[in-house]
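By letter and in written order, the chains are A, B, C, D, E and F; residue numbering begins at 1 in each of them.
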Amino acid sequence: MHECLNKCDELIVVIGSAEESHTMKNPFTAGERFQMILSCLTPEERLRVIIVPIRDVNRYSVWVNHLESYLPPFDIVFSNSNLTRSLFKQAGYEVRRTRAYNPKEYSATEVRKRMISGKKWAHLVPGPVAGMLEAIDARQRLLDSGERPSTR
Amino acid sequence: MHECLNKCDELIVVIGSAEESHTMKNPFTAGERFQMILSCLTPEERLRVIIVPIRDVNRYSVWVNHLESYLPPFDIVFSNSNLTRSLFKQAGYEVRRTRAYNPKEYSATEVRKRMISGKKWAHLVPGPVAGMLEAIDARQRLLDSGERPSTR
Amino acid sequence: MHECLNKCDELIVVIGSAEESHTMKNPFTAGERFQMILSCLTPEERLRVIIVPIRDVNRYSVWVNHLESYLPPFDIVFSNSNLTRSLFKQAGYEVRRTRAYNPKEYSATEVRKRMISGKKWAHLVPGPVAGMLEAIDARQRLLDSGERPSTR
Amino acid sequence: MHECLNKCDELIVVIGSAEESHTMKNPFTAGERFQMILSCLTPEERLRVIIVPIRDVNRYSVWVNHLESYLPPFDIVFSNSNLTRSLFKQAGYEVRRTRAYNPKEYSATEVRKRMISGKKWAHLVPGPVAGMLEAIDARQRLLDSGERPSTR
Amino acid sequence: MHECLNKCDELIVVIGSAEESHTMKNPFTAGERFQMILSCLTPEERLRVIIVPIRDVNRYSVWVNHLESYLPPFDIVFSNSNLTRSLFKQAGYEVRRTRAYNPKEYSATEVRKRMISGKKWAHLVPGPVAGMLEAIDARQRLLDSGERPSTR
Amino acid sequence: MHECLNKCDELIVVIGSAEESHTMKNPFTAGERFQMILSCLTPEERLRVIIVPIRDVNRYSVWVNHLESYLPPFDIVFSNSNLTRSLFKQAGYEVRRTRAYNPKEYSATEVRKRMISGKKWAHLVPGPVAGMLEAIDARQRLLDSGERPSTR
């Protein structure tokens, strides 16, 4: 996010799969993810960032229209997904990759794995996020997370 | 179910994934599952049991509200799913595990496996259910069950 | 319901529009409606009645399959809706009207109108239902009921 | 349709609200409407016409993408709806009105009204369609049509 | 909004019916509405306001859970809808009305009516919004708005 | 398709999973698949073939009603899926398998695998389809295809 902020005046951060939570892939609600992102912004940055939670539609063919309808106008799309870049490029947008962090360490997957196995993870996320994750007992949430709601 | 019935006056049995059928995980329609449960109840038990088929919403964040809206009021939630217990506990309900049966034998998975491979399975389910499974040719249903509807 | 119970051994009562509540047409959740129906049954009747909440699918063309998948097998369909009778008849079911009560008085619409305008209504519903309606402050629910959820 | 066929080489006819049937506005299933359109085509015309049933998405903001994903490529959009023309024009398509027939007589609304009240209607629709409407007892279908599925 | 901002430190503004646009009731996309709200905020206000577009679920019984899952934690709910206040109050939130503006003039309905009939409306909305409405030709959008997508 | 055309007068070809595209399993939109099928038909065949794109409903229990509502009347169902044949047989239709092509070579899976790994594939599909696949750069589409839309 901070890398993208350096490359533009205003940045829209999309919270994807906004309706999902309590799963291994998306343990947190869109609201919780919203709060985590906010906590990493300085006041100066907050004036230049717009955060928008958006549910998946699971139809790639309307994905561009779906995003356009939820977002203020934008010109450039930052994404490391080939498909996303391809769909937006075809719709006339400028598209860019973001520089890949060290994927071994700074990935959400790595943080989840460490949490579950009880290893250190707090140094891999921004300070305010680490505090928030402790407060909502993220480790327990991960251990409980499931495939889909069930009464069994 | 009978274990839970011993621990409360009235029991609501939720038939989950009610819209699913003809899959490996849920070979039977909610209506067929309803009938199987009914067939295991004595008249005395039937007066204390409420059976409610409920479709999945696939959004854990509204799962508690979803169930509350379909069910008469309840106080205790019996479930062996960590997530279900965790969501209802957070919403203020008392939650309990049920004693685990011998999972090697008395699980639905085991019954399905035996049916498919042609081994004996009838002794693992209540008598009336075994009859019903024969009547609807459950073995063939399992062999035909798929991932999703298709015309191929 | 009691009229139908006299005409068959076992009766399935479908709670339609099960996902709707807090509207003028369906002020109560499926769970609350479930409870109201239960409260009107004697133990002898309860052994012969199955109550099933079913959400609308808003596609008449799959309506019969939708109901069949949620319900134990049935032979006769009681309904005062021409369309429902017509769809089930075409699918091979026996269909019947129920005798019309005095529609001026014993209709849900009349009860709602009286509640809202503050007139007497309790004598128009079974005793246990009247008590339940008082307990959940049904009049206030009606006054608050809306077209669709809104934050305005 | 025949007017449009004169203005282009190939014509795609979209059957809208394809999931709706048995309502006053759309008494017939998409399949029945498909058959009626087919019955009006000469072999020569059939080679130039593509018929595609498409369900409503009820989100105007993805309407163009939705149609594009179901249809072979097209250049011109014929429609008498201001909104449809406006949405496709904004997406870069050429849009055109169709000449209005005598709306008093040749409208679907007029045919429905006449059917219901028992007046002559067959002269207002193409011959093969009239036969098909008789065969499926369209008048009864209209009399039975409802707002939404119900068991009342 | 400014009235609410005076009564709390941080304000979450929910854009309801976020998936709707091009209708008489919601002529603009969530993205356009987002932009209009942003344009009315001073930098100082923007640091205290969170804007979140949320689609309708059309099930009042899960409305509270639905909003909670999209939003950072909140304590007070401002709404002039009786139902919204009632649902959140029951879930334990503090609820408040907002002072009613002169409903004859400052309502969205009045602005729409004036736009359509060609009367002056710009003085009824904040300056930046008026400019934006001109830019996207809001009057034409209103004239084109429909009930649901159609190819007719 | 041509095998089935030899066995009946009129053939309805169903394009399944019509709302899916840009995935490994269904890289092409329903519209693109429609076009490919059309391109393989002689004029004589086109007069006997009806092509209908149909979205999945993911509920096997309404699958038959769903298809019936989209299609003109039909008598025989050709399918190599056990479940599809079983569901339609139970609903009273005649069902048939199609002769299996050499599954090693003439399967869609094989064509996709060859495209991705850069091997020859054009000889495995009809000539006009090969041209179309080149024109829309099918290889790149496959390389980009994903599990679900994402902004990452």
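The working rule: a residue touches a chain if its C-beta (ideal position, glycine included) is under 8 Å from a C-beta of that chain, and two chains touch if they have at least 3 such contacts.
Computed from a prediction, not measured in an experiment: that's the story for all the values here.
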| item | value |
| --- | --- |
| Any chain that touches chain C and chain B | E, F |
| Required minimum of steps from chain E to chain F, each step between chains that touch | 2 |
| Selected from D-F, A-D or C-E, interface repeating B-C by over half of its contact pairs | D-F |
| Chain copies touching (chain A, chain D) - same or different residues, decided at half shared | same |
| Separation of mean Cα positions, chain F and chain A [Å, integer] | 35 |
| Averaged-CA centre spacing for the pair chain E and chain A, given as whole angstrom | 26 |
| Distance between chain centroids, defined by C-alpha means - chain B, chain E (Å) | 43 |
| Chain C residues counted as touching two or more neighbouring chains | 19, 21, 29, 57, 59, 61, 66, 68-69 |
| Arrangement of touching chains [line / ring / star / complete / other] | other |
| Chain pairs that touch, as defined at the top of this document | A-B, A-D, A-E, A-F, B-C, B-E, B-F, C-D, C-E, C-F, D-E, D-F |
| Residues on chain F engaged by chain B in the complex (per definition of touch) | 14, 16, 56-61, 63, 66-67, 77, 79-84, 86-87 |
| Chain E-facing residues of chain C, complex | 19-23, 29, 140-141, 143-146, 148-152 |
| Residue ranges of chain C in contact with chain F within the complex | 57, 59, 61-62, 64-66, 68-69 |
| Chain D-touching residues of chain F, taken from the complex the two chains share | 18-19, 21, 29-32, 34-35, 38, 43, 46-47, 50-53, 55, 68-73 |
